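Below you'll find the structures, each written out as structure tokens.
Common to both upcoming complexes is chain A, partnered first by chain B, then by chain C.
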Partner chain A sequence: MSVDSTPDQTTGDGSNTEALPRRKRATLVDHSIRYGFLGLLLGLIVFFSIFASGFAGPRSAVFIFQSVAITGILALGVTCTLVVGGFDLSIGSVATSSMMLAAYMMVIFEQSAFVTIVACLAMGAFIGLINGLLIVKTRVPDLLATLGMMFLLVGLQRIPTEGRSIATGMTLPDGSTAEGTFSPFFLAMGRHRIDLVLEDLIPVSVIFLIVIGILVWIFLEMTRHGRLMYAIGSNERAASLTGTNVNNYKIMAYMISGTLASVGGMLLAARLGRGDIASGTNLLLDAVAAALIGFAVLGAAKPNAFGTAMGALFVGILLQGLTMMNAPYYTQDFIKGFVLVIALVFTFSLSARKAGSH
Partner chain B sequence: MSTLSCRISAIDKAFGENRVLCKLSLDLPAGTVTALMGANGAGKSTLVKILSGVHARDGGSIELLGAPFAPATPSQAIRAGVVTVHQNINDGVIPDLDVASNLMIDQLAERQYGFMIKRARLLAEARRVAARMGLDDIDVRTPVSELGVADRQLIAIARAMAHEPKLLILDEPTSSLSAAEAERLFALIETLKAHGVAILYISHRMSDIRRIADRVVSMRDGEISGVFEGPEIDYEGAVQAMLGHRMTEVDITIPPAGQPVVGLRDVRLKADSPAFSLDLGDKEIVVVTGLLGSGKTALAQALFGMASPYAGTITLDGKPFAPKSPGDAVRRGVFMSPKDRASNAVIQDFDLARNMTVPFLSRYGRLAFIDRRKERRTAQDMIDALSIVCQSEADGIGTLSGGNQQKVMLGRWLAQPSRLLILDEPFQGVDIRARRDIGRKIRETARDRATLVLVAELDEAFEIADRIVVFHDHAAAAEFRNENIDVNAVLAAVTGSPADARGKSRQAA
Partner chain C sequence: MKIVRRTALAMVASIAASATLLSGGIANAEMPAPLDNPGDVKIALVRYLSTGDFFQAYLSGVEAQAEALGVDLRVFDSRQDAALQADMVDQAIALGVDGIVIQHGLTESMKEAAQRAVDAGIKVVAFDVNVENEAIPQIEQSDYLLGKLALEQAIEDNGNEWKAGYVYVPGIAPLDRRHVAWEEIKEANPGIEEVAQMGTLDNPIANSNANQARSVLQANPDISVFFAPYNEFAKGVKIAVDEAGMSSDVSIYSADVSTADIAQMREPGSAWKATVATNPAVVGEVSVRALAMMLAGEDPGAQVIVPPTLITQAFLNENDISNMEDLSAKLPQFAHADVAMTDWMPLPPR
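Moving on to the complex of A and B:
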């Protein structure tokens, strides 16, 4: 029998006198794993509050929330696929497709906000279903299936308008002019602000983020479905041998991811007020970064909704603070990448130590 | 006696607390096929990995042709003349390359070969190697992926022969070969033997061992438990030495027969295996035993919805039972604790309590929400009932010892009543005390269900069974009541020898 079949990772199974000091040191490492990242987040806030004038204040806080709302929602979707041991690279293009579909429905088909929203959600869920079926039934590896889907959607969303953005008054391929307009209700999703203490403080998109974040958190942490999804991510074979329908859960994870991405796309459309072919290019990388940074939060070393939200917030705070300190915009991607790499090193090297690898 | 090729003296190997080899000594004479037998976990693969340079030994010494041998890497072992053909054939060949490249791959990997491939020379040399091994009928330009399993195996061995080995290790080489293909392999082994190569042949197939082995070595618990040689090899003795049957101190009181729960009628697990019938009643613990590849696992898979039997019917409480998935089986009250818990059962990221509750989460709370308190309580009850050694139910599963992990896996399925509980190798990697605890718990709880336990070691079977069914060739070959049991009769049935009292023995082709 080899080591891998009996992973007895007992670290201090020996005599008690020997185990004690080792345990003490372990708690120190444990604490830094658990709270290190949140400490860093706090430090960052304190730093910017002191050095960036105007950073500390409700308006700035809300601005940060708003800037992370869409990526945060997408990141929560990716988190669900990461939980089952998968990965969804198509979320960015699902979001932009949803944005284009929303604009198309309202501007060209002149549909109501309600029909538009239903259509976008259905499209997101359907793409998730296709992703899931590709992965589960045809056994295409998750990265490749969703990468393929990403390319497909990036192309598909341009076909109906021959590659142009959608806005009221645009000329259609058949020569006529698009008469429809964005419904005010739809636009409010991305633009309206709610009074809270201060006038016009909380944007609706932030409320979307918070509600979705709480729902995903409850789903993953407190329901048996979330529990089984984590079981699948940790040991798919063991989960299936307890009678869990692994395939259904995987498909469901991709459908959640697709649906949330379509919500993000609608918020984007509402904020822009048009179907802009050039926007949303950063969504995928930002969302993935937030979800992966989330691994490091509270020493989870696994995808989790709270961590994802914190990861999105971290990136948002960092960029907002740097912008207010007049860091040039072109350094942003570098900083995001740097933070991601550090967070990953943090997660994997430290949690490997925790697991007592050989 | 022929010259000695390899002498292994008192080698030790431990993985953490787990001692795998204890002062193991073994001589391998040149020009001789030594068959090595041992149950799962006996330490065979560790021994092979030490010889082939994958693991370093902790103590002891190995001599190869009189010179000390301590390979640090697999390639050092190969250069020194110890060549291993692993059980998984695709580890030995590269399917996307052609036969010639596969045969010559080790030369290609050497630095002095140069940058460019010399195609003509490569083909010529490959043909020469192939011809020497009697593989003339294979075109060396064929991609390996187009060849059958047997040819791949032969190529892996031929590739090994390019190094002129002194010791050739074959790990379960016939496990995926047909009889005719195996015969080709045996012919090749005979040739190598004549060239003075020492061959260490690891197998569970008695028919292979009878056919090819000059001597049989049995291994058990990291030690050599018997060496059998001479003109008349005592095969049953070898199996006995491998499986062991120290008389157990466990008293079994066989309960009166209960109601039949599961009935298998004329079931055939494989297209070419014989049909058999088997009944499992409640209160009763039936142990199915047999060598590796005897079909124990196939039986468990058929009952747990992972595969459907080739023919025949299965009933559960008188109703037809043909589960399409494990989920289906669990809903009908058929539970299974699989073997190889690390890959099939343990969820490493979960703590002890969460590992226990995975199958029946819907019963811990309403509307898909999990009642954590109820979950913890169940886990604590199980910890007490199974005397699991841990600090609390929130311990990470990886911090528990093997025996305690296994208890958790058992607790997972004891938490709800079942009609049939299947336990596949429940004592795998478990120390003797945990084994007794587990055995006792299985017997205590057996009242309202049928229990099917699959084990390879006879000791374990005698400790727990009311009835022992011996599997051979994917079918029930013999049946014994665990009362004044004749160990030799059981052994005879396990090896499938002609002496089988019931006359149902089937000499494998």
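Moving on to the complex of A and C:
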């Protein structure tokens, strides 16, 4: 994936090649900006391989991927809204609502896995649609509209069960007992492992992450629609004047974000095997961090799918490595914040440099 | 296990006896003043924490006992806003309630508010928050005992030489109290070695802890016992143990219980061997009973401790228990705690 995206990125910021006299001096800086973050990622892997026992090896690699699968999928969704110059604060609560809905459909309504999946996806897309309409039609600023949606969903997901988690055998508000169970097929989404060289190696959720990552990457980088979304993000008015239906693309971005968040929620439900009440704030923050760190990858200085995936992986490797070295829990938030700040400095000093060189 | 069953039998007998006594009591409606006219008695529950199964169940216990007494219950919910919770005590005073149950909160913010309520002649009890006031009895579930019973079971099952993983987040009062038991057990059994400590309260808590525990198990494959003294922690550790394919090598001991946890513990080959729990609904009932005793001029004592119950995987399987209702039925000391009881006290129906 990195090989493919490099030439694409080079054409993307062609401004360097025009400033010929400065080119030699600039290459070193440009290189460090472009590959600095990937280098850091590599350094981190080497460091943990040496100092954290059990870190090196395919199984560790897989569970690091698994630990970031859900936030990674959410981060890819938020990337799509960042591309059109928006922001989706509701993804965390869409994910937890989707988890509750999945549990509710199977445990209380006793529906099949298929119906459950369709219902969750539909809910995610519908919430995205509402978000989009609020922003586009009623002109509520994106942060505020999605913040409102976040609170609304945090409350809404608790109403049907009166604030209780959903599990088979739970007592319902009317006094009866829930008899439904999670369908084995649905659980497999979060638990089944596919043999690859080693037995039971790759969890299905990791495959979800990789497939969704590639699809979002192709959509944003290769299709006309993706290009137009970037155009809207960089200059909405210009994009609109060239005949782009800005509103439709914006709504679409939020629908993608909502749908991906609902996928993340289903994976969460499948892994936990129950509907757990949770606000999803941590999911939101981790996903946003991954997407923002992604700005710095390959010197893109803009939201991009490959960067987001790398950002999620970066945070995952750091956290899992630190846990293996027995680092206390509070260092983890600190490190996460530190990496994010460094990545943002990378990104914004880079764009300032670009602007200054003209 | 034997002991549990024996006490269980004893409890059944005593409850059956007290139930017959009580039904007689209710029929005579011989409650002391002011409870002889319960419709005119107003009590308030002022909550700090409300989100989650535990707090939901606590509330249902408070409601059930208040209904059994026939008193008028008002619920104030500050949703983790310490300042608002103190204001709500003042609201309750202004409302002219006769008694207040303070549920959780911070000592600093609640101390003065609680004193104002006492000064206004209102009877107050506090659950799991120390308001540093001699006139206010503390209702507690013994977190220390929760930890201790779980660890004693771990030693009974695994001997006293093992490598342990431990899940802990400092600064959370109940976890800190459970931590004391862990320190003591380690002190008393030098063969128990804590090779890894982890833990996070990032929600969804089970998922975040599963990720961490997976790393810990990879780094320390020789861990044979995981002490995870909170059911969300245990749930996360169990996911990680399953994912690592180590279910037969690792035993998990925890605290607290819910319907979902029972299903987890009863899965074939589950690593989750035992948990120790106090029924939050019972704690809610005890809180109201202690308050009722004070209203009637009796003294429940400075500390009312609701004893915890050991629940093992074997017990759940033997009795085919699938949810909290079954558990209460099969383990009567879980359904009812014989504390803050008087001979006139009406109990909620079960």
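Quick note on the criterion: the second predicted complex is superposed on the first by the 331 of 358 C-alpha atoms of A that agree within 3 Å, B and C clash if a C-alpha of one lies under 4 Å from a C-alpha of the other, contacts with A are read in each partner's own complex, and residues count from 1 in each chain.
Here is the rule we use: contacts are C-beta pairs under 8 Å (C-beta built on N, C-alpha and C of every residue); 3 or more make two chains touch, one makes a residue touch a chain.
Note that the structure is a prediction, hence the values are computed from the model and not measured.
Trainee: Using the superposition on chain A described above, determine whether A:Ser234 touches chain B (first), chain C (second), both, or neither.
Mentor: first
Trainee: Does the superposition put A:Asn245 against chain B (first), chain C (second), both, or neither?
Mentor: Touch status of A:Asn245: first partner only.
Trainee: Is A:Pro173 touching anything from chain B or chain C once the two structures are fitted on A? First, second, both or neither.
Mentor: Touch partners of A:Pro173: none, neither chain B nor chain C.
Trainee: Which touches a greater number of chain A residues, chain B or chain C?
Mentor: Between chain B and chain C, the winner on chain A residue contacts is C.
Trainee: Could you look at A:Ile70 and tell me whether it touches chain B, chain C, both or neither (first, second, both, neither)?
Mentor: second
Trainee: By the touch definition above, which chain A residues appear in both interfaces, chain B in one complex and chain C in the other?
Mentor: none
Trainee: Please give the residue numbers of chain A that touch chain B in the complex, ascending.
Mentor: 1-11, 13, 222-225, 227-228, 230-231, 233-235, 237-245, 302, 355-356
Trainee: Which residues of chain A touch chain C in their complex?
Mentor: Touch list, chain A to chain C: 52-55, 59-60, 63, 66-67, 70, 96, 99, 162-165, 167-171, 177, 191, 200, 203, 268, 271-274, 276-283, 319-321, 323-326, 328-329, 332.
Trainee: Spell out the part of chain B that touches chain A in their complex, as residue ranges.
Mentor: 15-18, 20, 40-41, 43, 45-46, 49, 304, 325-331, 336, 338, 340, 342-350, 354, 358-359, 361-362, 364-365, 368-370, 398-402, 405, 412, 429
Trainee: For the complex, which residues does chain C have touching chain A?
Mentor: Per the touch definition, chain C meets chain A at residues 50-53, 56, 169, 196-200, 202-208, 210-212, 214-216, 218-221, 235, 239, 242-243, 245, 258-260, 262-264, 322-325.
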